[in-house]
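You will see two complexes here that share subunit A, one where it goes with subunit B and one where it goes with subunit C.
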Partner chain A sequence: MEISASGDRITADLLVVGGGISGMTAAIEASEFGKDAVLIEKEPFLGGRVVRMNQYFPKMCPPVCGLEINLRRIRTNDRIKVLTLTEVTEVSGQKGDYEVTLTVSPRYINNNCTACEECEKVCEIEVDDEFNFGLNKRKAVYFRNMAYPSLYVADPDYVKDPKFKACVDACKYNAFDLDQQPQTVTVKCKGIVWATGWKPYDAAKLDNLGFGQYDNVITNVMLERYSAEEGPTSGKISRPSDGGEIKKIGFVQCAGSRDENHLPYCSGVCCSASLKQARYVRAQYPDAEIHIFYIDIRTPGRLEDFYQELQSDEKVFFHRGKGADIKETGNKNLLISAENTLTGELTEHEVELVVLATGMVPNAATDKLPADTPLDDWGFLLPDAPSGIIGAGVTNRPVEVAASVQDATGAVLKALTAERS
Partner chain B sequence: MSTTTVMKPDLEFIRDLKKAGGDTLKKCYQCATCSVVCNLSSKDHPFPRKQMVMSQWGMKDQLLGDPSIWMCHQCMDCTKNCPRDAKPGEVLGAVRAYAFQHFAFPAFMGKALANRNSLPVLLLIPAMVLLGVLLGGSSGDWGYLFQFTGEVELARAFPHGALEMLFIGGNLLIFAFAAVGLMRFWKGLKAFTPGKSGPGFIPAFIAAITELLTHKKFNDCEETKHRYLGHTLMFWGFIGAMATAGFAVFFTIILESMGSPFYLHSPIDLPNPIKILGVVSGIAMIWGGWILIQKRKSEDAPGVSSYSDWQFLYMIWFVGLTGMLTYILRLAGIPIVGYAVYYVHLVLVFFLLWYAPYSKFGHMFYRTLALIYAKSVAIDNPRKK
Partner chain C sequence: MAVETKIGGYICSGCDIGSAVDVEALLKMAKSEGCAICKSHEALCSAEGVQMIKADIAAEELNRVVVAGCSRRIKMEEFSFGDKVITGRANIREHVAWVMEPNDEDTQMAAEDYVTMEIHRMKNTDYIEPLVQDIDKTVLVVGGGVSGLRSALAAAGAGNDAVLVEKENLLGGWATKWKKVFPKAAPYKDLADSNVGDLIKKVEANDKIKVYTGSTIKKIHGEPGKFDVTLKGSSTDTFKAGSVVLAAGWKPYDANKLDHLGYGKNNVLTNVQMEEMLNSGGLKRASDGAAPKSVAFIQCAGSRDQEHLPYCSAVCCRVSLKQAKFIRDAYPDTQVYILYKDLRSPGQYELFYKNVQEDEGVFLTKGEVIRVDQLDGDRVEIELEDTLFGENIIVQTDMLVLAAGMVPNTHVEGVAEIMGDEAETAEKPAEAADGEEEADTGASAELGAKILNLSYRKGTDLPTLKYGFPDSHYICFPYETQRTAIFAAGCVRAPMDLASAENDAYGAALKAVQATELIGAGKAVHPRAGDTSNPDFFLQRCTQCKRCTEECPFGTLDEDEKGTPETHPNRCRRCGICMGACPERIVSFKDYSVHIIGEMLKSLEIPEEEDEKPRVLAFMCENDALPSLDIAAAHRMKINPFVRIIPVRCLGSMNVVWIADALSNGYDGVILIGCKHGDDYQCHFIKGSELANTRMENVREKLKQLVLEEERVQIHELSLSEWAKIPQVLDDFIDDIDTVGPNPYKGF
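Let's turn to the complex of A and B:
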């Protein structure tokens, strides 16, 4: 990899946009073929959405296990250059010869940082923590798991705040650099892999399901944070309204997915995700009843085993018929209405907590993409884009980690054989 | 022991439903959102999810023997919320349109009313009959019909006696024909929707009639709330107009022939309560019909309307309109236009009445019976009280 003395010009083989599991895999695979890769990520940390999971199916291990191995491989690899807090501003050229302009946002903290926490301790500015979907507050200077490089980061909205000075003063290592400016970097490369992943569908748009209206209706991604030990409740699953325990919990599948009024496609992973989450609840509340309302359970391939295991669990109840209406009762419990399509009766189930199994929306659907990179009707990247840009992972299809990883490997090959076409 | 049920899908039926406005029925994937969001859907016998799969499978007899088809008031809450855009509200509407044909006796009348190409012929029949009345009544003296000013003597052009004969005679015949279809319908209900043990016929009858008169179910709709007002106005306006005609006959013809001192001269005019009733009813019909037509036409109408919907709605609205117009022209004293409008009015009135069992007008019979049946076997238990 050729990097100019000032660091603002890089020549490499591959540019990977998005540092989630797909992007990390793509960069590592390229390096293993002996190619140089630049991996850019707009957040200050790598790992993408997977970092926000408590455990991941099918093996039910904490995601950092897998991610940290990848992180180590990236750190020790000369062929990979990582730029976080970085986004693409312009792409020109074509397959085999691109010139890409990047903008690197200031972190306001330099390599002197030892992650000693002093600045964070004294910081008086608290804001909603977007990482935990606003379930808790974070300081205006903070640290993230999987941060790359492994440094603190300052919130750009608050560095000019008079109260921020206390943080700067608390640092013994002179690590704050509030004069940092956005930097422009140009990458010359042969191939581009686009792996910007997904965001959860906005559950507030689901009129009948009460999200944002009733305290005890949460989404599946929020439940991951509630369940995670390093999460806002230190891993305790409880009712947001009063922190109360759970005797009955309801999962509403296809919340906004397979729905012409919302996401017309099946998000593919949310059935397995709810089955996984049923286990979290089961582990914390052995006596709690788990009610899953579904149209049909979609657990492709080996994930079917995962489903069958839970089917034989006497505390897990599967209801065929969409949870189509949710109302709050006086004690902040929730009534889930559905038609049991096996018995043909309308039913109401009262539960303490409702989890909406919302789907995945590709970020590409709302991002500005380089020219000639067409999307399908739903915002997934189409293959054979005239621009030569190759998608990977959830950018292409709503899939789980294993499929994203496979997809990323294929994407690297396609992106680097650009010269052929 | 398990039993095997052999399904015999009626493909012709599926095709007909699609033509009658149910072309989206195959999109349904049985999620049951519709049965939950519908405020009229019954706890023990929800709809329209199950009726969607019955339509897809061409289960004609089961479907036509299901009172849910008529408990549906096409509120469109289901259609708005359906994740597949399968338009369950329209599909049930198409099943109802099909039912008019299916139960029609004689059968060709059902076909004729469902086919827009037959409309001219269907109109021609009352048009010719009424022309006959006009010719007979005027007995060769046409001059008064073509005056631009002067008195409008409606009873001279169309003598009440002749109209009453057509009205009463026609209705007797029509009710006899309708009864054949309704009996078939009732038998189907019993065969295919056994239900549970319920309160029995009389209490069910009273409950159903009360509900129909108060339009309770319309009031429970969410997506199409405006229809509560529109349909109530139209319904009571129509009943009021019929009552006006009945009173008029009673006071001007029957009492006169009995030599009663209470008889009234035709035409009855304001401020007589009978005329007040007539005017108010006419206005209600025009206003109610206007609401219904506008909403069905508007861009954000939650559902699409079929030929049978439009045919009926426009007919009954024009009946109200031409009735009021006739009255105004009589007061204004413009004979030539007055007689013409009155003629059109009468043609449309007889179109509606004579074809009632075969057109959407029939929904009043079918819905009433279905509701009585559903209540008598205790399956009309909407979630919303």
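Let's turn to the complex of A and C:
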């Protein structure tokens, strides 16, 4: 890889946009294939959506385990250049010869940072932690395990705050540089993989399901944070309203999915995700009842075993019928009305916590994509883009982690060779 | 060792290290342990600190550097000093300063011990010479269906030669039999044509691809980069190959087993038979040659069924939707019924489902089939229970299609799981004794589907998971394989649709091409990608116990007639499990060996019994347990100061002699912390943590012989996310050691 002395011009084989599991995979696989890859990520940390997950289905293993291996693969390979806090501003040229303009936002912290924690200790500014969906507070200067490089992160909204000075003063290593300006970097490359991933569907749009209205209605992605050791409750699943325990919990599948008013497609993973989350609840509350309201349980391949396992669990109840309506009762419990989609019959269940299994929305639907990279009606990248840009992972279709990684691996060849589909 | 080691010792006092330990004392100690030069700095990782080390390297001709400071997982770039200098990292930040009482006597001892151990690691670590070799980079693709065709094209597109071997006389596989394929784009309404014809043409026209039809693999001998492949059938050619894509495809589930769903009755056929019928003349009843007025589909015919295929074949719902759509378009008067358990149309295919649903001539309903009877000699009656109508439904139809599932061609009847040596008790496959000359494959050669016919001691084929799929066990690493440079693609590895299979083929091809690149450069493939170290076998001392050949999860080692291991560096993944297995300690890496770790643990001074300071060793997996300790340290959790941590490549690389050495050197106990084993194992080397557990049984026996309490040696599973448990795990261990008291061998 050729990098100019000032670092503002890079010549590489592949540019990968998005540092989640798909993007990391594409960049790493390309570099181990002997190609120079530049991986960019708009957040200050890698890992995207998966780093916010507590465990993967069906193995119930932690995403950080594979991410750790991937981080090592990146750190020990000089064919990868990672730029975080970086976004694409312009793409010109075509497959085989692109010139891409990137904007690198200021980090305000330089490589002198040793992650010693002194700045965070003295920081008096506390803000909602977006990583945990605002369920807790973090400081205006903070650390993330997947931060890349492995440095502290300064919140750009607060670096000019008078109170931030205390953080700067606490640093013994001259690691703060508040005068940093956005930087422009140009990458010359032969191929581009677009792996900007997804965001959860906005549950607030599902007005009949009470999200944002009732304290004890949460989404599947929030439950991941409640279940995680590093989450807002140190891994304890409890009622947001009072921190109370769970005796009965309801999972509402297809919350906004397979629904023409919201997401007409199926996100493919939410059934398995809820089954996995049922296991989290089962582990913490052996006596709790778990009720799952679904249209079809979709567990393809060997995931069927995972479903069978929970089906034979006497504490897990499957109700066929879409969760139609949720109302709060006096004690902040929730009443789920489910509609049998064919007979129209309604059933009601009172639970302490409702988890909405919301689907995935591709970030490409709202990102600015370079010209001639058409999307389908829902924002997924169409194959054979005239721009030659190759999508990977959920950028292409809603899929689970293994399929994303598979897709990202193949994307390397599609982006760098004439063979593509 | 050509040049004598000359070590520089550098102690960082930054990040609270200086305020927690006596850095001057550490410097003095490092000097006495043999460092040629010893310096401290308040931020070794700063430009100034790094420059100081670089200047010393140049001026003093240092060839080893010990950096005592933060975890080796960070600041890697800063502390890399080129090929001529080996860097060792003593973690006195996350292992000491951040997790122990500042300025306590025990804290100081811990810091001194970590520095000492690292100095001794450096004294015994030698340069690695990468095994750069001229290899053959041809990708062998086994199977000429869509997955295989696409794999060959993708590999050729990357510049490698490819050889495609297909057992049938024609290329294309199942896809050539399909009338139409699923819609490919929005609005997901109209059926599409498959691209298999184009793929075949492209493959045949590609001069980097050599095609053999009507042929199968007689034998694959050797190792990646140097495979000798011999064919049988139409061709008996032999050629070299570097890596392999197994795209051997699938077969339909045997419908003869589905008589409970009406198979064998008049006008009952499978989805594959329906497809063939539509592709050759159209919809006709076998009984009278007339087009049926109604067609019913029973979904999950034999699938999601513990008596048949417990898994879901993932495509059958959409296949029935496709066939329904085709029938309704071509025969508008024919009524279609689709009887399902759950209708599975993932992703954008939901739109396809919606579109079919909107056709009034297609009646979709959920239920469990309880009865299928012949009616009037040629019609069929189906009864469903557990329907959404609260009562049983009866469907009468002119024709019944059983949506049967897919079985990977790697599946062998009677062998549920072929996991290397575990399958030794499994039955022999029926077709093995066909008189053909079999490959000389050693112990478990009779197992497996005999598609690849590898001449590996550990079997002829890729080991498979449950149900016979040679899939990856890892969610993060779907192309992980237990046979280096051999990758499965398409429906042989998991049930999938054509588009997914083609996509999978790209990935498998990339991995196959990548493997040849890495191996040619002498580098390991995933998960230790880029590692150039190689195990050396000092065979003069080998006792032919075969433990290494049996325990290697990757089938690296074969044996000669005497049982001496035959090494194949290109199959090796550098996990060190062979090193852990060897009772004669003859396996070693230049930077990781029984000797190096032994010297490290022996380098420490063990407190006397009357000091009342227990001392225990913790061997920790560097992939998961070690990083989790870093996270615990970042949270400033307290770690017991009596524990000394030695990272290992995998718990499976732990040689029990280290435990013996530790106990005979006066350590009071040893704890091993590694990844989960069992069905959902998380060990990155498949069997490492399991083997460590097995070896523990022998250790317990030994302890008994030495009249030592078994509590002194323990093994613990810990996943990376369980960092918060680490302090307790170590405290509990120390409590157990306190209970049994000091090691009676202390001081001998």
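Basically, the second predicted complex is superposed on the first by the 411 of 421 C-alpha atoms of A that agree within 3 Å, B and C clash if a C-alpha of one lies under 4 Å from a C-alpha of the other, contacts with A are read in each partner's own complex, and residues count from 1 in each chain.
Quick note on the criterion: a residue touches a chain if its C-beta (ideal position, glycine included) is under 8 Å from a C-beta of that chain, and two chains touch if they have at least 3 such contacts.
Computed from a predicted model, the values in this text were never measured in an experiment.
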| item | value |
| --- | --- |
| Partner chain(s) touched by A:G344 [first = subunit B, second = subunit C, both, neither] | first |
| Partner chain in contact with A:K332 - subunit B first, subunit C second, else both or neither | neither |
| Chain touching more of subunit A, residue-wise (subunit B, subunit C) | C |
| Touching partner for A:R298 - first (subunit B), second (subunit C), both, neither | second |
| Which superposed partner A:P398 touches (first subunit B, second subunit C, both, neither) | second |
| Partner chain(s) touched by A:R258 [first = subunit B, second = subunit C, both, neither] | both |
| Which superposed partner A:R282 touches (first subunit B, second subunit C, both, neither) | neither |
| Contacts of A:K199 with subunit B and subunit C, given as first, second, both or neither | neither |
| First, second, both or neither for A:K322, with subunit B first and subunit C second | first |
| Shared subunit A contacts, counted only where both subunit B and subunit C touch the same residue | 258, 341 |
| Contacting residues of subunit C [partner subunit A, same complex] | 14-16, 42-43, 45-46, 70, 73-78, 153-154, 156-159, 185-186, 304, 306, 310-314, 342-351, 354, 365-366, 388-390, 465-467, 469, 471-472, 474-479, 494-496, 500, 502-507, 509-511, 513-514, 517-518, 525-527, 529-530, 623-624, 627, 631, 634, 636, 675-676, 680, 682, 684, 719-724 |
| List of subunit A residues in touch with subunit B within their complex | 208, 254, 258-262, 295, 321-322, 324-325, 337-339, 341, 344-346 |
| Subunit B to subunit A touching residues, read off their complex | 29-33, 35-37, 41-46, 49-50, 81-85, 383 |
| Interface residues, subunit A side, partner subunit C - complex | 21, 28-29, 32-34, 54-56, 58-73, 75-77, 111-112, 114-117, 143, 145, 150, 172-173, 228-229, 234-235, 258, 264-268, 296-305, 308, 320, 340-343, 376-378, 380, 382, 397-403, 405-407, 409-414, 416-419, 421 |
